[in-house]
Structures are given as structure tokens and as C-alpha cells.
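Here come two complexes built around chain A, the first alongside chain B, the second alongside chain C.
Presenting the complex of A and B:
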């Protein structure tokens, strides 16, 4: 490097190089991701289910007045799959299983986006503050995290949802209150580790503000494990949410997969297998898709773990 | 850090965590509204309400209420279960025995299948058995257990009619004493093969359902630990010595690979404990999980909070034991900072 002429220019060029390195890494990750067959299967599944959620009103006409309530066709209760107009069959109350499967994908997408989105932001902020400030702030925040992690996830979410009362919105709130600690812990560890790097010292030496260093040098380098966790959680929160719904913490009659499995359970003794089977299959595929991609992402971002 | 210091430090933190959990649980009992709601009616005058509040100590500051609540817990006063129509402390041991029997059976399934599958895959890295194991592991982690259980019931109970539901046959249950509450153990103590078979027969399907998900956790860890061990020099040395591959695998590599696998036991335990809730609902298993689900639906939050507190303390203790055992097994582990 030649003599320093303009420190702003220097900073800009260093960051420009950093940007290019990051872009190259991004495309490398993308290439590794798509060369893994199980990840591709996961990506295809996610694409299909997102399409299902987005185009739900065009696939099957929305129920009025509330599209998220199962339509009831009392003239066609307990119909087996293959019935015209109800080709996945109907429930005990004449709910169309196909409608539940399709609109359930919207319910699940909302749940996962709300929970993962909010916990990622809250966890990142709290974890960053703990990692950056250190001292007693860090100590207090991390002890709170430890306490939250001491209670098994599902049981904790069950307890919060039970206190708030049975509704799908309360399941979302309960999950958010339980999940954020994971991001706080990951982010804190990342910030502490990255803080010790030479390039952070360098940025400090050339007089960057603390906020600038955090936003431009620390945060971009810390997002990797957060992204992996978020991808896995997109699937896991639907799994836990559906479990809470199955137990009975959602409103009855909502187009949600866990509720449908629970409602269909009563019919299996009389041979009506379909009302539980199809919605449950969707929960499984949803969780599977995000787990496959999350695993693939972890391998692609960290080549050392490949094939392990 | 010395192992002794490490254990000491962990034991010191344990009560702090337990107090923390109890504060969270106490807060939850109060978020749902004042607990005297069930004693009140519209005809009461404000002075009568105040009297009831005073009787239950609800006119005291919150921290005093917390201390009174915690004192009650420590003295074994867990409140009254509306669902079971009896004090929680009377019912709890019976339900706990049912849940523990189920979780232990599922744990055995998971340990056996997990170690077998993990070894099988790790020794055949990146070949077909490995890929199949990976699919089993990932699908196990993604499977909604309540749905898997219902599928098994559709096939083996509703269609084929070979699997039972519930925990035991009523007449066989009445034919023997139940000193432990663990039906398999009770049957052995009563020397009744018929009762033992009945208990096992009722356990198989729920234990398989619950164990499958945990199998995935163990198989995965076992596989990656074995892959790592097989790259070590001592494995080459054993092979160079002319030992059969089977012996190298089983006596040398697998034994060492089991050490890191110990770390996922805590995780597995939490998984099994949580899983019992839905499994018990589906198989009508009279354990803690089903009791809690019923309590939640009937608004019996006091019972639920006892359960949350109990499972968390159990979870903390198991994790502590696992960490100490692991530190003992593998001296390379650096303890704390």
C-alpha cells in the first residue's frame, strides 16, 4: 500500500475490498449449497410451500368472512379422499381437508416469520449489547438467558401460552418469548470473538465511531451462525407451534395443521385416517425442508464440517 | 481449572438458576390474573374481597407473596389439582412413575438404535448406509411426534387391531400389587409373566414413537464422533498391528466415540421429557404429560406451574450430571475459563 493520502479514501477502499471478498464468499456459499442434493430437495420443498401460501386464494377460494377459519360443509361430513369437490376428504364437521392443507401453509408462514423475525432482532440487540458493553450488563443479561434456557422449550412455551389463554396469536407470543435467548447467546459469542480481530483494532485506530465499527465490521461478520439458526428455526417453530395447537392452545376451527391433526384424531377408530394424515404430513415436510436447508447452509458456510 | 473446583462452581450456580426459574414461574402464575379470581363472586362487597385477599396473603407486597409461595413449595405444598380432584402432591408420584417408565423405555430404544445406526453410518462414511442414516436423522428431528404416533395407531390399532392403547389391561392390572408404580418392575416383583408381558406390550408403540426422534439426536452425534476417531493415529496403528476391522471399530474407535456422545444425553433427556406430553395424549397414557395437557385446557394453572418448576429442576440436574461425567471421561475438556 502506498502512502496515506486521504484517510477517508483509505477506509472506503478497505471496505470496498472487504465487500468484494464478502461477495465472492457469498457466491462460493451459493455454489456449495446448490451442489448438495439434500439441500436442493429442501429448497424445492420450501419454494413449493411458499408458492402454496402466497397463491392460496387462487388455489382454493377463501372462506368468508374469515379465510383462516375452516369452511364447514354440513352436507358433506366425513367424506373420504376422492370425493368430488373434497379430493382430500372432509373432517367430522365437514371441513375440507384440502382447504386446511393449503391455508394452513399461510398460517404456518405467518407464525414462523413473526417468531423468527422478532426473536432474531431482539436476540441480536441483546446479545450485541452484552458482548459490546461487557461487565455487569453482560453478567445480568446472560444470567437471564441462562434461566430461560433452564426451562425445556416446549414446556416453557406451553406454560406461557396457557397463561395468556388459548389463541394462535398467543402461541406466537409464547414462542417469541422462549426463542429469543438462542439468538442472544449466539450473537454475544460472535461479538466477543470478532471484537478481538485485528481489523476491528484497525478501524478503531483510524478513528471510526463505535457504532460504525459495530455496523460495518462486527455485525456483517456475525450474521453467519444467526442465519443458520434462523433457517432451522423457521421449521422448528412451526413444529412447536403445531404441537401447542394440537394440545389445544389455538382457537378451534382455525385452518392450522396442528389443530386439524387433533380434530382428525377422533375419527381414526372408525377408519377415517385422512383428516389427521394430510395436515400432519405438511408439518413434517415444512420442518424437514427448513432442516435440510439449514444443515446445508451450515456446511456451506463452514466447509470444515462438510460430511460430518 | 481442577475438576473439583468445576463441580463446586456448577453446584454454586445451580441454586441461583433454580431461584431464577422459580421467579419466572411465579411471575407466570400472576400474569394470568390474580389467583383469587376463583373465590370471588359478583355479590361480594369490597370489604369481603379485601378479607379474602388478606386470608391468602394477597394484600402483601409481591416479593412477600413470592417468598410465601416459595416456602409452600419447599414444604411440599403444591396446591390442589382440579383435574385430579386431589392435592397435587398426592397425585404427582403416581403420574411421574408412569411418565418415567415411558421415557426410560423410549430412552433405551433411542440409545440402542442411535448407537447402532451411528456406528453403521460412521464406518461407511459417504456411502449409501451413511446417506440413509442422515435421512433417518433429519426426518426424526422434523417429525411431529403426535402425528407419527397417530399414523402408527391408524395402522397397528385401527386397521390391524394388534396394538393396544392405554397403559395396561384393567383385569391384569388388578391382579398384582403396584409398590413402585412402574408396571414392568411391579410385574417382575410379583413374579407374573403375564403382567410383565402386558406392561411391555402396552409400552412398545409409545416408546418407539417417542424414541424415534431421540434416536436421530444420538445417531447423528455418534456418527460424527466415530468419523473423527477413525481418522486418529491409534486406529491406523491398530490396523497395522493386523487387528480385524471389526475389532478396530468396536473395541477401539467406537469406545472412544461414545465419550462425546455422552454430551447429547442431557439434550435427549429434555427431548424425551417434552415429548411425553403429546405421546401420552395420543396413547392415553396416564402420566404427567397428559395430566398437564388436561390441566392447561381446564385452566388449572397452579398444577401446570408445579410441573414447569419440577421439569426444569430435573433438566438442570441431569445436565449438571452429564457435564460432570463428561469432564471425568475426557480429561482434555477445558473447564470454564
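Presenting the complex of A and C:
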């Protein structure tokens, strides 16, 4: 633990503004994050794939009228990689694999942002209510969560998506319905633990409002595990989403990695490996990258090491 | 409600009055979480705190000091009894206060916690922490705030250079100073100090105690100083309240208690932590040993009789004492198959053999049993593999008023206590 010495007094002096100190803390976390090589690999991969998603229209011209539909070149069906104009090859229906890989990153980004964003908010609210209110409210909410958690994620999402009918939007809805419970449970555990801290009692003794105590004391100290889980889920959601697409719960023909793998798998036996391999590799890299960063984040944000 | 006697509040104005406060925590068991009993953390405590004085609340850990401190500061609701606070001259019950009065109480009664790290939000800067009470009550505009916080920090021996730092960047003593600055921000009349120095080194401890003394002199603050360590409050507290298992066993002026404790528990506490300048330093007083009984089933009579050096036959000997004694006897407890109670004082102990039952009825007359317990025994009947035991039924020992406003709950006279401890 760093003791404050007299010489530090001068240096850290009055010029320090609260903003600067907070930024320094933020950069401290960033520095710890980037001092781990595997995390850096993950960050670079994420950056590349984000760039891919953002600059997709400049990398390869958008299909009209719907850019998320695969363009079909019926004159170049089942072409191997290296074919002029289709340098990652084409599918059985003349879909350009390169186009699918690039625009598929946008689809994946949408999927993970929608699912993780909505479940994080819903789970945080429900978990907070359960943890703060307690009693029968907590009992009821946690029984519901237990039921959800007792069914394997993939099977549950599959069942919901099957009931809702095959479409990409329904995959998003199905995943959101399955995943929010994780955040609810994490948040509840955090809230219950944090609200026992003396600093919460200290805030009550000075007479601060319940809302303020939640917003200033409980929530900021609870977000670390939620953030880590969200990062891991950014990857996992794409993996599960692709699996659902693969078994046909998405619209056929959209630029989505799972759909492409599914379209290409029939040709693998006859040596046309490319249509499944490249999008499959992307799914793998996407899930890997977010898992690497999630793990790194967990270490960097660990309160036992933070700021010491 | 039979309210226990209180230490007299003679001279100055009563600021806070605790009357017969109880706090029971339910013990839940099984899948259905049925209430199986209650931990009697605080079990009928009464005393007053006057404006500007320090009351030391002492006792071993687990006796209910923190719980009482939290009830006093309004953090926890009492199960029974009431805390009254002096608001503009009238004593008002703190859990019945309305808007403005509730605010007034809230501002005037502050608290400093034992764990200096846990009591400061690790994500807040010192400026946020110490300035927070001022923000809550709109006491300072944002331009003003920094100067007000600096003022407070300077009063506790810190300064402007500490404004923009996080709690983990300070030592334990400095963090406790930050806590004190926060407690002072609203200019309170009383601060509940829950073991404020227990986690600190001895030298740092002395600095914090000095600071608290100085602040009290400047601001006419009242303190409820909670500690397990009598020597800490010896030079701080005007009056002492000694607690054992949720009850007060002795209360009065600090000096007179130190000169002549009326309760053997107080005496043992003092012996457990002899002060260097103690008048009786050379005297051979035995400290505390034995385990603290379960607060969910406090002993009868005097709660301290199970560990008391001076226990008499009328101190509340009961069936549980026999069971507790059996637990420590090798080759006996494992033969005990059941206890059928008629009352706390009368029960049939069943053993798995007649031999074991006979062995108990012999052993209980032997030297290994405290003499007082033997004399309290009214009946001991061996009946096959059962032993019928009955003790003299005794009421709970109450606090009685002694000379000089002293209260103590011991069946012995002070002279006897003094004589027996020679």
C-alpha cells in the first residue's frame, strides 16, 4: 500500500484536479490491461474486426437493395479461392465468400451489441431490485432465474427461436431472453455484498437518499464483474447465434457467418472447403478475441490489485 | 414496561436517552427458514448521554456494542425500547421523527466505523467523501465546497494536498481521520465511535484519541465511544457502561469504576488489559477465561456466573451448567442420551447406561465441580439410567443503584467483591 510521504505532497500538489486524478486511474487500468500480451492480441483482433464492420461498404461494395443479403453471381458458382473478383471463392449459389466474411462482421456486431446491451440493462435492473428489496420479491425473482439457469443456454435459445420462427431478429430475441438471467444473478450477488459495506452505512448516516446511495455507492462498485461478463458474452453470443443460424433458424441467404458455414458444409465432402472455412474461422476469432479481452479485464479490474 | 434504573443524569442537559433498548436477531433454520430462536444482541439497555460528555461502552466482542451503537445512530431499528434525542429541548423518539426533525437528528448524530477501509467508498476521492454531507444538505455551492472540505481536513490534521486522493492511498490512521472529517462536516452534537482505534497501531491510536479529545473540547461534542479495550477509554470517557451478553452489568463514573469495580466482570476486564499506570498493577487479579455463552440462550440469574471467579450459590446455576460441565468431562458426555427439561432449573438427564448415570451423580459431588454450583443443587436423584437434577430457581439479577450514581448487577456487595479478589 502506498503511503503518502512529504515529497509526494509537493508533486501531487494542488494543481491536481479531480478530473485528472480520475483519468490517471483510468489509464492505470488501461496500462495493466495492455501489459498482458494475450489481452493485446485480443484487443488487436477486436480492433481489426470492428474496422471490418465499420468500413464494410468501402472494403466491398454494398449489395442492393439489401446490403445484408448475399450478392449472387450465378455465372460463378462453386469457384475456388483465387478466382478474379471472388478471391475467397463462391458458394453453391454463387455467393461471394469474401462479401459474406466482411458484411458478416456487421451482422455479428449487431447481434452481440443488441443482445448484450439489452440483457445487461434488464439483468442489472432485475438483479438490483432483488438484491436491494430482498424478501419475497427476491425469492420470486431468483426462482425465475433458477428455472432459466437450469436449462442449457443453447437448448433454451434454440427452443425459443424455433417457437418464434426462423429469422435473424428472432435469434436476437431468443438470446436476449436466455442471457439476461446471468446478469441478474451477478448483479444481485454484488448488490447484496456491497450493501453490507460500512461505506453504505456511512452514506445512510449522513442522510443521503436511497437513490443516491444506489447510484454512487452500490452501482459503481458492482459493475466490474458485469463488465467482464459482458465482454465475454460479446464473443459467446456470436458463437451461439451462429449455431442457431447454422441449423436454419435464420433467414437463408443473409450475410451471416453461421448461415454461410451451413451453406458451405454440403460441399466439404466434395473438396469445396472454402465456403465453410473462412466464415467459420471468423466466428472462432471473434469468440476468441472477446474471451481474451474479458479475461484480461478481469485481472486488470481486480480490486485486490487495483491502484496498489 | 419495567424500565431498568439508569445512571443519574445530574449536572448537564441530556442529549440522548436510551431506554430499555432490545435488539433481537431471528435465527432461521431449515429449508423453510423457520425462526428457531433469537440472538439477543442487546437485551434491555438503558443509559443517557449528556451534551459534551464521553460515554465509554465496553465489553468483550460479541456482547452487542456495535448493535447498540447502530440503534443509537438510527442505522438499525430496535426490537424493543426506544432511543430519544434532544431536539430543541424536548426528548423525541428517533424512529418517530417527521421530515424536518428527522433531518435535524440525522445531521446531529454521526458515526465513525471500526474498519477505516470499508467505511470509505474506494471509488470516491477524499473531496467527494468529506464533501458529500455538505452536498446532501446543500450546505456548500460547488465553488465553496473545496474550501469547506479543506477546512475540515485541516481540523483533523490533513490538508489541501489530500483532496484528490483515493482512500487506498492513505494509511489506516489517515483514513480514520478522513472518516472523522466526514462525521464533523455537518457540525453534529454527538458522534458514535465504533472501535475507532482498534485496528490501528498503538502510537497511531494515541494520535487519534488526542485528536478526538481536541475536537470535543473545541466543539462541545458528545461521544458514545464503543470499545472492547478498557484502557482506551480510561482517559477518554467521563462515564462507562460495561456490557456483557447484551446487558449492562455495571455503569458509572470512569474514575470510580477504575478505583473500585463493583462487578466481577468489570474487574476481570480491567485485569485482562492492565494499564501501566494502574494503581493495582502489582496485584494478582485473574483475567477472563472460559468461553462466552451463546447469546441466543443467555445464562439464568447473572449472565456472567458461568465464568465468574466469585460465583455464589444464588447466581443462577441451572441445568445448562451441568450440560456445559459434562461437555468438558472425558468419558461422560458421550453417554448422555437426552435432557428432559421441566424448567431451566430442573431436568432429567438420561444416560445410555445405569453405570454412567451413577458415575455422574458421583462426579457432580466431587471436587471438579465449582463449590457454588454444588451448593445450589436442591435435588440430585439417581433413578436407573436417569438422573433428576434440580437447582434453586433464581430471578435474573437486576442492576441496582449504588453510591455515587453507580449501577451494578451483582449479588455481592462491593466490599465482598474487593475482598474476594485479593
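Criterion: the second predicted complex is superposed on the first by the 276 of 308 C-alpha atoms of A that agree within 3 Å, B and C clash if a C-alpha of one lies under 4 Å from a C-alpha of the other, contacts with A are read in each partner's own complex, and residues count from 1 in each chain.
By definition in this document, contacts are C-beta pairs under 8 Å (C-beta built on N, C-alpha and C of every residue); 3 or more make two chains touch, one makes a residue touch a chain.
These figures come from a predicted structure and were not determined experimentally.
Chemist: State whether A:220 touches chain B only (first), chain C only (second), both chains, or neither.
Modeler: After superposing on A, A:220 lies in contact with chain C but is clear of chain B.
Chemist: Tell me the contact category for A:207 with respect to chain B and chain C: first, second, both or neither.
Modeler: So A:207 only meets chain C here.
Chemist: Looking at the overlay, what does A:239 touch: chain B (first), chain C (second), both, or neither?
Modeler: First partner only.
Chemist: Going by the contact rule set out at the top, does A:21 touch chain B (first), chain C (second), both, or neither?
Modeler: Touch partner of A:21: chain C, not chain B.
Chemist: For A:265, decide between first (touching chain B), second (touching chain C), both and neither.
Modeler: First partner only.
Chemist: One more residue to check, A:199. First (chain B), second (chain C), both or neither?
Modeler: second
Chemist: Between chain B and chain C, which makes contact with more of the residues in chain A?
Modeler: B
Chemist: Can you pull the chain A residues that chain B and chain C both touch?
Modeler: In the superposed arrangement, which is not itself an observed complex, chain A uses residues 307-308 for both chain B and chain C.
Chemist: Mind listing the chain C positions that touch chain A in their complex?
Modeler: Interface residues on the chain C side: 70, 73-75, 103, 106-107, 109-111, 113-115, 118-125, 127-128, 132-133, 136-137, 160-166, 168-171, 174, 179, 182, 185-186.
Chemist: What does chain B use to touch chain A in their complex?
Modeler: 16-17, 20-21, 23-25, 28-29, 31-32, 125-126, 134-135, 138-139, 141-147, 150-151, 153-154, 157-159, 224, 227-228, 270, 273-274, 277-278, 281-282, 292-293, 296-297, 301, 304-305, 307-308, 311-312, 315-316
Chemist: Where on chain A does chain C make contact in their complex?
Modeler: Within the complex, chain A touches chain C at residues 1-4, 9, 12-14, 16-18, 20-22, 25, 197-199, 201-209, 212, 216-217, 220-221, 303, 307-308.
Chemist: Which residues of chain A touch chain B once you look at their complex with the stated criterion?
Modeler: Answer in residue numbers: 38, 143-144, 146-148, 150-156, 158-160, 162-165, 235, 239, 242-243, 246-249, 258, 261-262, 264-265, 268-269, 271, 273, 276-277, 280-281, 283-284, 287-288, 291-292, 295, 307-308.
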